[in-house]
Amino acid sequence: MNATFMPFTKILLTFAVAFWAILFDDPLYLLGLAAFVFVLLLTAGIVKVQGKAVGMLVVFAIILGLVQYVGGGSLDSAYVTALRMLCMTWIFLLLLVSTSLQDLTAALVTQCKIPYAYAFMFTAALRFVPDFVAESKAVQEAQACRGADHSGSFLKRMKSYLYVIQPLLLKSLGRSEMMALALELRGFGNEDHSFVSNVTMRAQDYVVTILLAVITIGFVYLVF
Amino acid sequence: MLRVSDVAFGYVPEQTLFKDVSFTIESGEFLAVGGRNGCGKTTITRLLVGLETPRTGRIFYNDTDITGWTPAKRSQYIGYVFQQPDRQMFRPTVAQEVAFGPEQQGYSRAEVKEITAQALERVRLSDKADAYPPLLHRGEKQRVAIASALAMQSEILILDEPTSGQDGTETKELLGLLQSLRKDGLAIVLITHDMEIIASQCSRVLVMGNQTKAFDGSPEELFTKRDDLEALGLERPACVSLSMAVPSLGYCASMEEFTKRMITYKQQGGR
Amino acid sequence: MERVADISKLVYRHKQGGQFRWVTVSVLLLAIGAILHLVSPSVAGVTPNWVIATYCVAIQLTRPTYKQAVGIGLVAALITLMTSKSAFPYGNLASEPIAALFCALLVHGQARFAFVGEKTLAIISGFFTTVLSGAIFVTLLFFIMHLPLTVYLFGMWPLVLVVALCNAVVTPLIYMPAHHFFEKQGFVADRKEEETSHANYDLKPASQALISVEHVTYYYGSSKSSAIKDVSLVVNKGDFLVITGPAGCGKSTICQAMVGAVPQFYGGQMQGMVFVEGQAVTQTTIPKLAMHVGFVPADYDSTLVTMTVEEEIAFAMENRGYDPARITSRIDQVLTQVGLKGLEKRTITGLSGGQRQRLAIGAVLATNPEILVLDEPTSSLDPAGTSELYELVGRLNKEEGITLVVVDHNLQAVLPYANRAILVMDGEIVKDASMLDTLTYMYEERLYTDALPSLFVGYMQLKAAGYAGQAPWICVADALEDIRGEVPTYVKG
């Protein structure tokens, strides 16, 4: 899947499926759509590697269906809510898992026309997440060695949680200045940006795009 | 004072980092912990403060078994200064920063104030009590971290590579401070890669290697008797190598000692 | 074009802070927000929305434009999607950009309501931004999922309000220490200062060297005392120059001046001029200078901004619009140069400290600078890592002809590689000579002697007493040879 279609095609597919899910009001149609998305997940190998996430979304959809039913909706409307949720979140999972971050960034900038600075911020923030997780663990340890106890009631835990946040905060703000300088030194913000990732659409991408458009028009015609 | 008995440890079940490790730490000792990267020298000190739990074996403090104690509870006996001292700092003044520990221990406001003032006095930072910690120099931050550990009123002070990144002057000041704390009866445990510091400052060396305690004895014995220094990730300091090249000179713990003796030796040899 | 008679009198003033503070502060705070989200304590599933809290703080701290604020919101939405597996991704994509824009409106509106202090603003923005974001999210969910009205009104809305209340508490708790830190560091966002332009001067260096620093005196920000005073030096092609001196002597400032960060990034006032390949630093930009001078700061970790090793090397080249094929081949060359070949796909988080540093050096080498400036490169390395690093940069200098400027206080490690050493004391250059001459000068004048390699001191003392040979001891082998050569003659005599 990763090699077969370009990220932009997958973004289009995601929004097309989401649109179809909103379009359909019949549980049977939605069931068909969910089956279709599941087959996509299966062929992309995502059911295998991200089975837990796929399952969690099912649980979540069921809960939402129950909320609908308990809140006074009919059984049919509960099915619609649950299945619609399932289609919309599954297809998003497909997009996120089957696309490398590098390719996604390139597609967001070159094809979705999102300014590069924002795409960069997104990947850079994700780069720091594991570092900060390690950092917060180190802070907790340092504080434990100074007698801090990270257990107790909600308020107590919240308070000691803030003790951990603050050194993390100060350290990262201290970093921000050097990072800003490093960005300037490395030519960040230049108009002329290139990407190593090649995300140019190929023949099969255009075929899928046209197919998506035709199907969407067909569905709209069918429903109204 | 602190006794480690037959401790084994590994981060993952399939792997043993070290086993059969036993040693004691007495007050007034200046103990170096050395060894190759990844041999467990930091890990063994993490076991002492309770950041890790041994797979087997026990740890005693004055014959009380503290193996199951949390780091917070052990902090009254053992202080730990981490490698990057600014990691833990988060309060608006140095005094408040140092006060964090005693506050957690439940001392009254007046007591906390006194303990803090004493700790700052001991590291000679009283004049910086109201300073904003992030703006301090590297050496001063290090001393704030030491004061924070002293404020726990602990009797053992463990420092993880405190001289890394510090320049000659800062290192000299730090070592002077540690020696004075040791004279006051504290036990100092220093994790270090610096062979010159081990030779010139420490009363004892513990080397981790070969998945166990590879050496426990005086720096002199380590640097003159062991022929597996390189395998243990250690190196003979220059002063020891040079003193060994002149057999009648005897063991020299520092370059200063070497040059002094060498000059005397030569003068006598000249006569 | 105006000619300048006395370059030491030429003054340049610049505002403090670069153009990307809003980017880096937002990135780092949002990363923190993402983590807090994962591990926050909660009661019955209710917990503050940390991502919203952190972008509110970022917006209030850096006061970005409205367009930038929308961007920050978009980034926040994308991060939420990636890290917490948002239950309903489409909702976040709409709610966060709009809420972030609203937050920016509040922050910029503060100017009109002088009575609203920083803390009050943090409470207000924390609460209302969260309400707006939550409202958009649940309303979208309500319409798209056709949820019952009772669930929407009595289930979802109270939840939104409770979370907003939590955020009204935590936002100022994060914001206030951050604001305090910014104030103490002198990073106040909206300070108006006059800036100098040198566009009309005809500036020519006195020396044709690669870098020529001429009579530079520099004051940081609003500081009254100078960080460096009348500093002049040249860096010649092929040099391996070490700059040393006690902590706070201004050695780092000198190297920041060589890359244009002083004065163009750190602001303040500079007298005199730095020329890089004949170009005055005040007449060009930091990115242009960086094509000639590569800079790796002591805190090299902060310069690494991508996920994987190869992306990091590609970063500067992509920013400058290099052709993809050229980038790919250059990645290969650079990784070989710095000894990281084979680790292309590794994440940066998975690298050791020494590897990260070599990556930072490689990332700078990617655009082929002639000069490499390293600020305290060994400060976080152990002895083995230190000698590896100097072996690497020594090779770059000898084999690749890259000119090196290194700030370090570990003189023993750099001794075998450097051809020149400069000693800086209290902002002034007191010695600029060959490595051994500078060491000898430090020893004889008793200047910063704590930094002298112990072997060198031993040699000097024995030599003074008449018991050492003519060649100074660079390493233990030299000393042993000297001693072994001498002792027998003594025993005989």
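For reference, chains read A, B and C in written order, and residue numbers begin at 1 within each chain.
Please note the rule applied: a contact is a pair of C-beta atoms (placed from the backbone, for glycine too) under 8 Å apart; a residue touches a chain by one contact, two chains touch by 3 or more.
Since this is a predicted model, take the numbers as computed values, not measurements.
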Central chain (distance from its CA mean to the mean of all protein CA atoms): C
Most extensive contact between chains (C-beta pair count): A-C
Distance from the mean Cα position of chain B to that of chain A, given in whole angstrom: 47
Inter-chain centre distance, chain A versus chain C - centres from mean C-alpha coordinates, in Å: 30
Multi-partner residues of chain B (each touching 2 or more other chains): 90, 134
Chain A, residues touching no fewer than two other chains: 166, 169-170, 174
Per-residue overlap in chain C, given as positions that touch at least 2 other chains: 177, 181, 185
Chain A residues within the chain C interface of the complex: 18, 22, 53, 56, 60, 64, 67-68, 71-73, 77, 80-81, 84-85, 88-89, 92-93, 96, 101-102, 114-115, 117-118, 120-134, 136, 154, 157-158, 161-162, 165-166, 168-170, 172-190, 192-196, 198
Touching residues (chain side chain A, partner chain B) in the complex: 135, 138-139, 141-149, 163, 166-167, 169-171, 174
Residue numbers on chain B that touch chain C, as the complex places them: 37, 90, 92, 132, 134-135, 137-139, 161, 164-165, 167-172, 193-194, 196, 233, 235, 238-239, 241-242, 245-246, 254-255, 258-259, 262-263, 266, 269-270
Interfacial residue positions of chain B with respect to chain A in the complex: 49-51, 70-72, 75-76, 78-80, 82, 86-90, 100-102, 104-105, 134, 148-149, 152
In the complex with chain B, residue positions of chain C that touch it: 177, 180-181, 184-185, 246-248, 376, 379-384, 409-410, 448-452, 454-455, 457-458, 461-462, 465, 467, 476, 479-480, 483-484, 487, 490-491, 493
